[in-house]
Structure formats: C-alpha cells, structure tokens
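Two complexes come next, and they have one chain in common, subunit A, joined by subunit B in the first and subunit C in the second.
Moving on, here comes the complex of A and B:
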C-alpha cells in the first residue's frame, strides 16, 4: 500500500510514476509529482519506480488568479 | 452597528472590533483578489492594502467581480478602492498601482497582519512567500485553473508554495489551457477571505494542508503538505 495525496492506494511491484498517474487518471498536462518529498521530473516518470509504503504527492499545477 | 448586525452571532462584538483594527495586504485585484476584497470589506476588516499594476481588459469580464464595461482600461486598484468605498466606507483602502517585486515586497507588507496571495503567476507568488516569511506574516494562498482551485495557509517559517511550485519550469500552470471561470474564482476567493478572518481572530484554520476544489465534479479534498 502507498499513500497518494494523503489517501491509501494499492501498490504493485514494478509500479512506475507513469503507471500510477495512469491508474489514478490524472489528466492535467501540468503536474508536480513528489515521492517522499522529492520532486520527480517528467522525463523520469517512465523509469522511476514507486516502492511499497511510499508517500506520493501528485499536484495539478495551477497558478491562475 | 446596523451594518454588521448579520455578522452576529457568527462573530462576537469583540471579534468585530478586532477586525476593525486589522490590516490585510491583498496582492492581485483580479478574479481572486476582487472576491477577497469584497468579502473582507463587507465583514468589516478595517484596513486593506490592495496591490495590482494592471488595467482591466475585456477578457477579465467573465470572472473578475470588480471589472465592468464601465471601467475597462482603468486600474484594477482604483476599481477596488471605489468598490470598497461604495460598500463600506468604514474600511480604509490603500491602493497601490504597482506589480509586486522583490524590491517593493517588504514595504508592501509593512504594518500588515496577514498577506493574501491572489496573484496569477508562479514567480511573483514565490516572491510574496519569501517576503511574508521574512516579515513573519502568515500568507493565505489561492489559485485557480478551469473548474479547479486550491487554498492553503503558509505560516511563517513554512515554504508550502515551494512544494507546490518550487520545481515548476513554467511561470503559469494549467489555467493557460483550462481557462479561468467566474464561480471558481469566486469560490476560492471566498475561502481565502474566510481563512484570513480566522487568522485575524485566532480561530483554527487550514494548517499544513492544501484544500483542493473540483467544481466540475463537486468534490473537495485536503492534502497534508507538511
């Protein structure tokens, strides 16, 4: 089990950041991902593995006023 | 006082008196800032410093409560001051026709109790966070994109906006493609105003959490950032 935005979410071996985003249906084009507080650049989404117990933040980047 | 009668009993007389001597800095007088200013003036926050270097343009008409066909090409801060004078002349408005910069941020924060981030770009938001931190002031952040919005409070010593934006490679976010809607700005601005009032009155507010709104799906979520 991992945490995604404070809530529990099932983990599976080989889960990448990209796979998580697809499973969670995050569709915004501008997204900030942090795993255990560390920023993950977009070019690493396919290769960065998420480990069981990780705390993942997925934030839609919004700055309009 | 009759104008505040409907504030009671949600607020005590002592709390109402406290608001009258409080000072709030609102940076940005667009969709968010307009609603924040409207709410704070009506509830009776006594002193507002409103900051924006922009003039109204036709694209603001869809969502910015201070913008009308009568004040296009006029300063947003002037409209803010006129609106507050019309709604509640007991509120003192210091209208600053300028954009927030590293150079002027400290002086804009001077004498204020709370700062409100109603800006529309990431670099300026981070400048405001740094200045508020240096001044030891809480910052109430709000941002919108399309049907979605977010609110959080950055207490002195925290860097919550750096979690949200610190690694962004863009100056703006999803709003560039998703637009900005009237009710999203109104909802987020109203939430920001409520958090400001709670800070001023020492009530429990958002703490270390990001409140996310999705008006399309009518959902909200609170995420721990600290």
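Moving on, here comes the complex of A and C:
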C-alpha cells in the first residue's frame, strides 16, 4: 500500500510514476510529483519506481477557472 | 445622424499615476451631465474598479431600489493599472448595478477597449442613472473632450450589426476604427432578465467588431430598461505610458519577464494561445467536473466530440494575435471565422464567432447534452449578438430540460418545444423565441429562481425536486463546473458574494484531488484567501487568466504553488510602479477585503447577505436522484462506511441517498460556520464591527446597516 495525496492506494511491484498516474486517471498535464518529499522531473516518470509504503504527492496546478 | 439631444464639452483630465481623478455622471432622465472628483478617501478605501463602482452605487440607491428603478445605476471603472500595455491582461473593466436576477449588487468583469479608452478620455469611472424617454446613444469623444447624447434612430438591435454600424459611424476612416469601442446589448434584453453587455474592440485583420461580455446578472437588461441603445467611446493615441506611471522601467522589466514565460511555456502548459479557456474541456470531463445534463453527472464519453483538438483543428483560426487589450500575449480570445449560420434571422450568412470559451463549450455543450461543435458555435454566436448571458442561459435551459425529462413540465407547456437533452435545434429555437419575446422564450428568460415558482404554481411541478435541481443561489445561475465531491468548491460557489460564479474561488483540484484542504479550517482559509486575492483583479483593471493559466517554470519549488507567488509579486510591483505607492502582498489582500466586506454589507442593506442566502441547492452538494447515486455507487457506499460507519449492504437505495444527504448537508453547515469565522462574520453571515475596524472600514454608513443585525 502507498499513500497518494494522503490516501491509501494499492501498490504493485514495478509500479512507476507513470503507471501510478495512469491508474489514478491523472490525465492533467500540469502537475508536480513528489515521492517522499523529493521532486520527480517529468522525464523520469517512466523510469522512477515507487516502493511499497512510499508517500506520493501529485499536485494538480490549477486554481483557476 | 440622430437628433443631438445634448452636447457637452469638457477638458479631459490627464491620467496621473493610474488615475484621471475624475468620474463621469450622466442621468438619462433629464440628460444632465456632471463631473465628480475621485477623492483620496475613495482611492484609499476602494482602490478603483469594482470598489469605485460599489461606492457610487451605494450612494445612488436605497434598500427599496430594484433593477428597474430610475435611481439604479450602471457603474463602470477600469482601475489604476488598467490600460498599461506592457503586461498581459491589463484592460479589464468592472461593471456593477442592482441586478434583476438577484435584487442586489452584481459585478461583472469584462475585456474589450471601452474601460481603458474611457480612462484615457479623462474618466476613471462612469455612472449611468435614470431612464430616458426616447431611445438614445451616448458618445464620448476623448480627444476632443466632448459628450453627445443623441436619439438612436433606425439602429439594428443585435450586437454584431449595431457595433459595426456605430464603429463605422464614429470612425473617420478605417484606421480610426480601432480607436472606438461600443457597449451595447442585443434584442434579448427587452424580454429577459439575463441580458448582458457586449464590450467591443475592432479587429483590423478580420475587419470585424469583436466582443467581450459583462455577462452576469442582467446588466444588458438594465441598459435596455434605461433606453440606452449604446455607449460609444473614441480615443486615438493609445501608447505605453498613458497612465503616467511612477516607475515605468519596473513595468517594462516585469512585462518582459512575463512575456518570455508566455513564449517559452504556454505550449507546454495550457495552450491558451491556441485554444483559450476551452483547453480544459476534456480534463474537466476526465476528472468528473464537466457539468453534464444539468449537473447530474461530471462528464460524458461523448465529450471527445467537443475536445480542444476538434476546435483547434476544425474551427478556430490559428496564428493571429487574439488579445482583448493591447499587450496581452496570452491572447486567448479565439475566433471561428467565416462560420456559416444555419438557423435564425441570419441563417445563410457567414460570420466571425468569438469563442467558444470554456463556459460556452461546457454550458451550451455538455450541460445541455449537446456534443456538437458546430451547434455550440452557432449557440455562442446567437448568445453574443442577442446579448444573452450564456452561463445563465445554459444553466437555466439545462434545468428546464431536466424538468421536462422528469415529467415536471410538458411539451405543450413549452409551446411545443421539444427541449430534450441533446436537442440543439430546440435550444437554438428557444434563443430565437427569447430574442423576439415570444412564447416559452419569454418565460425561460426569467431565470431559474422565478421559473421554479412558475413551474410549481402554474404547472404543478414538485417544489422540493425543483429546489434540489435548480442550480441557482441568490437568484444567479451557477457557472459551469460540477463540484459535488469538493466541499470547498460548494462553499466557493454558494458563499460567493454576488452569486455562484467561479471568479472568487476555484478550489476543486486543491480540495478534491490534491487533498490540500483536509479540515474545515483549511477550506475556510482558502475561502478567505482566494476570494480576497481574486477580488483584487477587479479593483485594478486586470484579467485573472494571466495569473495562473501559465506559471513560471520553477513555480513548483515554492511552498504555495496554487498562489503562483511570483505572479503575485509581479502584481504588487505593477501596482506600486503605476501608482507610486508601496503596498506588499498582505496589503493587497486588505485592499480587496475592504471592498469585499463592503459588498457583503451592501447585500445586507438590500435585504440579502445573510446565512439564509448562502445555501446551495442539493444538486451542488450531492446526488439528488437514484441515477446520480448509482452512477458513483462505489464511491458513495464507501463514504457511508468511512464517514458515517454505516453498512450500505443493509440499506436500500433511498436510505443510502437520505443518509448521504444528511451527512453532506451537515458538512456544508460546518463549512459555513468555519468560513464565516475566518471572514470575520457573525454566525448569521454579517460582517462584524470589529473586523470592519481592523481593515479600516468601520464607516458610519456600514455600521448603521449591520448594527440591527448583530
């Protein structure tokens, strides 16, 4: 199990940041990802692995409308 | 040329440090014209824009004044930063009046050239009061210091024709047409409470008048009631430092930095320059936020048919600079050129359609079940030229459609109109009927609050159901975001000061997706900061979009990325550089709060502005119907378990809906308590004298209004 934006989410071996975004249906492009507080640049989404127990923040940057 | 009824000469005041120091007052009952001083008191307490508008409006009206009382005013002002050309989004005018939909002050923020040209013609603000006997138009010649009131004879009703005719009439030649801006409504204003104001700017490449709208709250209906066909301003000679800024080099520096950001990042972020605000249609649908079929659902698989890509590839002209004021590199005012109309009085003609903006595609599209870009563009054109507030029209029509589909009203009661969801031809026919004031078109133009009464009293509809599904608060229709799963946004809409418009706060991602606002206090803090911050745009003449529809590349490194701290600092720097003052970002919020609290007290003075006026229809808070519950059953069942420790397996559907409702209504009450505390209001929503004193707004006239309510 991992935390995504403070809520539990099931983890599986080999889960990358990209896979997590796809599973959460996070399609908005203008986001910031932090894993255990560390910023993950967009070019690393495909390769950065998420470990069981990680705390992931996916901040959607829109306060607009 | 119509008969000149009044010819008035004046010496145009030069703008100093962002203010001309004068406002223009015209009473169309007796055609009197006066100049008023903009005092230091006004600048200190109200800053400009909406602040000035509300201050003048307060003194013009009484608690008994209604939208069509002669003393009601339309007031407009652009604010001290308005009109600079070095930064994006600096030409916005704020328009205020007592609204026919809400019976209290409405404010609407609009682009186009009128406000800045008015200021450069010597007027920081413009009050229009009274009611004319004959239909008139008012022409302000800012270069020659002349105001003419003339009879409006034989002029067309609809905005695209009227603005073009008046622009040609007052321009000396083609090159002069960019120096003219027209404010007018359209044929609907005669018959509906949702008439809006079009503000024009001439597009020399397309050779047409383009429009931005002061759309909300029936401002066009009021202009028509005053028998004012149009306001026209002409000012030749716009250049970068007409505001006589105290520190032009800072303005230039901040502007260059911002334009570079736009150039480097827009295509990677929101693509505002390609598609404008409609860029978010698919995203809203994917996140369950696109109001669909009267806010029942938050999206639909068919949204792909009206995706940004479809508009970009098939409809919108690319590569032209589409700013609604000089210097706007965000340039989001897109157009569909040579669009062939297929219905209504202009069927067969090719026209330029301004838009669609997000609200248009969401409201006239998904919320009506219309997933057809061509129909949306045609609806968009007719809303603009008829002078219809498309948000009120869309939300109101969605309500009518649901009432019809749920058997609350019949086709016969709608004069034969088959207003099923998705029937764009019936929607267009409704607009045409509204523009002629015929049949069901006249009834629909009353807006949801009055329609609920008609449907219940005359058609025998179920009052509770209509209360639950009629998406209005304070009499104003909701703007186009589904938000059932964001408690903060429920408050952002229903506790918005003028009615449920998202221009105060859009907190859905922060709250629902990012989970950054877990407690009532967190939500209340956001419902303090964002409404105050965003109010400021309307005090100084700025467009909100350049604030956060693009952000600096390193914005993510800041501790509050949602606030876009670098852009907030840009605004502080611009304000100081124009006015020569020395505010910081905290004082910026206080400037806004002074006006915000003033507006709340103004509502109280008009018999509104209390807790009872801040309740949302249940459709905003949760699932009203079985279909809505079932569409997200897994989520709602989980919430019953997690939040209320109930076992959904032992409950039938109606019990689950009722339990969900009890819980959500209670959450909303708790949110109100927290927000009222944070805003310095009593439990009943009245600003306290202590809070007014803290921000320097303990003015005797305000205390007199609130004291009996404490």
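Annotations
What we mean here is this: the second predicted complex is superposed on the first by the 62 of 65 C-alpha atoms of A that agree within 3 Å, B and C clash if a C-alpha of one lies under 4 Å from a C-alpha of the other, contacts with A are read in each partner's own complex, and residues count from 1 in each chain.
Just so it is clear, contacts are C-beta pairs under 8 Å (C-beta built on N, C-alpha and C of every residue); 3 or more make two chains touch, one makes a residue touch a chain.
The model shown is predicted, which means the values in this text are computed figures rather than measured ones.
Of the two partner chains placed by superposition, subunit B and subunit C are both touched by A:39. Look at A:59: by the touch rule set out above, it reaches both subunit B and subunit C. In the overlay built on the shared chain, the residue A:50 is in contact with neither subunit B nor subunit C.
Once chain A of one complex is fitted onto chain A of the other, the partner contacts of A:25 are limited to subunit C, with no touch recorded for subunit B.
In the superposition on chain A, A:2 contacts neither subunit B nor subunit C.
Put simply, subunit A uses residues 5-6, 28-30, 32, 39, 57, 59-65 to touch subunit B in one complex and subunit C in the other. Per the touch definition, subunit B reaches subunit A in the complex via residues 28, 30-33, 118-122, 125, 142-145, 148-150, 163-168, 170-175, 177-178, 180, 185, 210, 221-225.
Subunit C contributes residues 269-270, 280, 282-283, 286-287, 479, 481, 502-503, 506-510, 513-516, 518, 530, 544-545, 548-549, 551, 555-557, 561-564 to its touches with subunit A in the complex. The residues of subunit A lying in touch with subunit C in their complex are 5-7, 25-30, 32, 39, 57-65. The part of subunit A that touches subunit B in the complex is made up of residues 5-6, 28-30, 32, 34, 39, 41, 57, 59-65.
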